[in-house]
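Only one structure is covered here, and it is reproduced in the block below.
Labels for the chains are A, B, C, D, E and F, by order of writing; each one numbers its residues from 1.
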Amino acid sequence: MPIVQVNLIEGRTLEQKRRLVAEITNAVVNCVDAPPDAVKVILNEMPRENYASAGVLYADKK
Amino acid sequence: MPIVQVNLIEGRTLEQKRRLVAEITNAVVNCVDAPPDAVKVILNEMPRENYASAGVLYADKK
Amino acid sequence: MPIVQVNLIEGRTLEQKRRLVAEITNAVVNCVDAPPDAVKVILNEMPRENYASAGVLYADKK
Amino acid sequence: MPIVQVNLIEGRTLEQKRRLVAEITNAVVNCVDAPPDAVKVILNEMPRENYASAGVLYADKK
Amino acid sequence: MPIVQVNLIEGRTLEQKRRLVAEITNAVVNCVDAPPDAVKVILNEMPRENYASAGVLYADKK
Amino acid sequence: MPIVQVNLIEGRTLEQKRRLVAEITNAVVNCVDAPPDAVKVILNEMPRENYASAGVLYADKK
């Protein structure tokens, strides 16, 4: 039942996503004793102009 | 004031979305006694490579 | 696979929550052709001082 | 550490986003005494057919 | 229609929350030309043991 | 910059949370090449009456 949402900048390869969801699912299964089937992972990809740190868009950082 | 977010795989038709938000809004109005105007629904569509169950991307499922 | 999150002011009874998740699940099953097992609903209850409309906390509304 | 997510209809200019994240970050820094570096802002843009109020899609409103 | 969710560590006073939602709402109204009524703000308060940076819970930081 | 939100049923020990955020952070660092400092994890704990699968509250499951 754990549902994990990952917000990250767009541009990862399919292979990176494949590994990311597999490793996060393992982490959840190991640590909170949930069956693998119950673990759902959502990747939310953001364009660089839709994320900011310290008030500055990622698209504007050098 | 209830705000509902629905995460679903992309590819629904406009007509399906139209019915989905209408029926969810009805459900909320009926069950928690909120005025219809106060109910907001956000649909968050995910590509098949951005959602995983049991550690496997939906795009990789047969 | 649709995952629904409902943000609402705290204070609903168990019976109201029971009906709400059942009706929302029905709406999703009817409209997007998902199997009932795949539909997950999260209720996120907020204290009245943690929600604002038009810049005013719900706790401060008359 | 405050993490702010803003759901809004798509179609803002880069300049509008730039000002929006700067002003929201200032608001957070002023009000909860967080260092600017710790404030993250995510903009989640929705197509007009993915948002509804009172059970009607924004795309269907006149 | 912009809906803003702010995740922050618990422990702010009512007065801090009051100012925070007012200033964030102003920022949104100024920058994306939304009517104040349409702006909703949700505060999601987290206990110190429910937030981590660099893999370390906030509750464990010195 | 990846920001991870984990929705799970309440009742984990502090030690379980400690391991969970550490392992998830490692997974993200390994798979998407982010510096550890940039990875934030939010745990959102839900009471058993605030989560449903197949239209039935977790609190009502045997």
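Keep this in mind: contacts are C-beta pairs under 8 Å (C-beta built on N, C-alpha and C of every residue); 3 or more make two chains touch, one makes a residue touch a chain.
If you're wondering where the values come from, they're calculated on a predicted model, not measured in any experiment.
Fewest steps needed to get from subunit B to subunit C, stepping only to touching chains, is 1. Fitting subunit C to subunit F on C-alpha positions gives a rotation angle of 120 degrees, to the nearest 5. Work out the mean CA point of subunit A and of subunit E, and you get 21 Å between them.
Mean C-alpha position of subunit B lies 24 Å from that of subunit E. Distance between chain centres (mean CA atoms), subunit A to subunit F: 12 Å. Annotation for subunit A: residues touching 2 or more other chains are 1, 3, 7, 24, 26, 40, 42, 44, 51, 53. Contact topology of the protein chains: irregular, matching none of line, ring, star or complete. The set of touching chain pairs reads A-B, A-C, A-D, A-F, B-C, B-D, B-E, C-E, C-F, D-E, D-F, E-F, using the touch definition from the header. Partner subunit E is touched in their complex by these residues of subunit F: 14, 17-18, 21-22, 24-26, 36-37, 39-45.
Within the complex formed with subunit F, the subunit A residues making contact are 1-9, 12, 16, 19-20, 23-24, 26-28, 30-32, 34, 51, 53, 58. For subunit B in complex with subunit E, the residues that touch the partner chain are 1, 3, 40, 42. Interface residues of subunit C facing subunit E in the complex, by the touch rule stated above, are 7, 44, 46, 49-57, 59-60.
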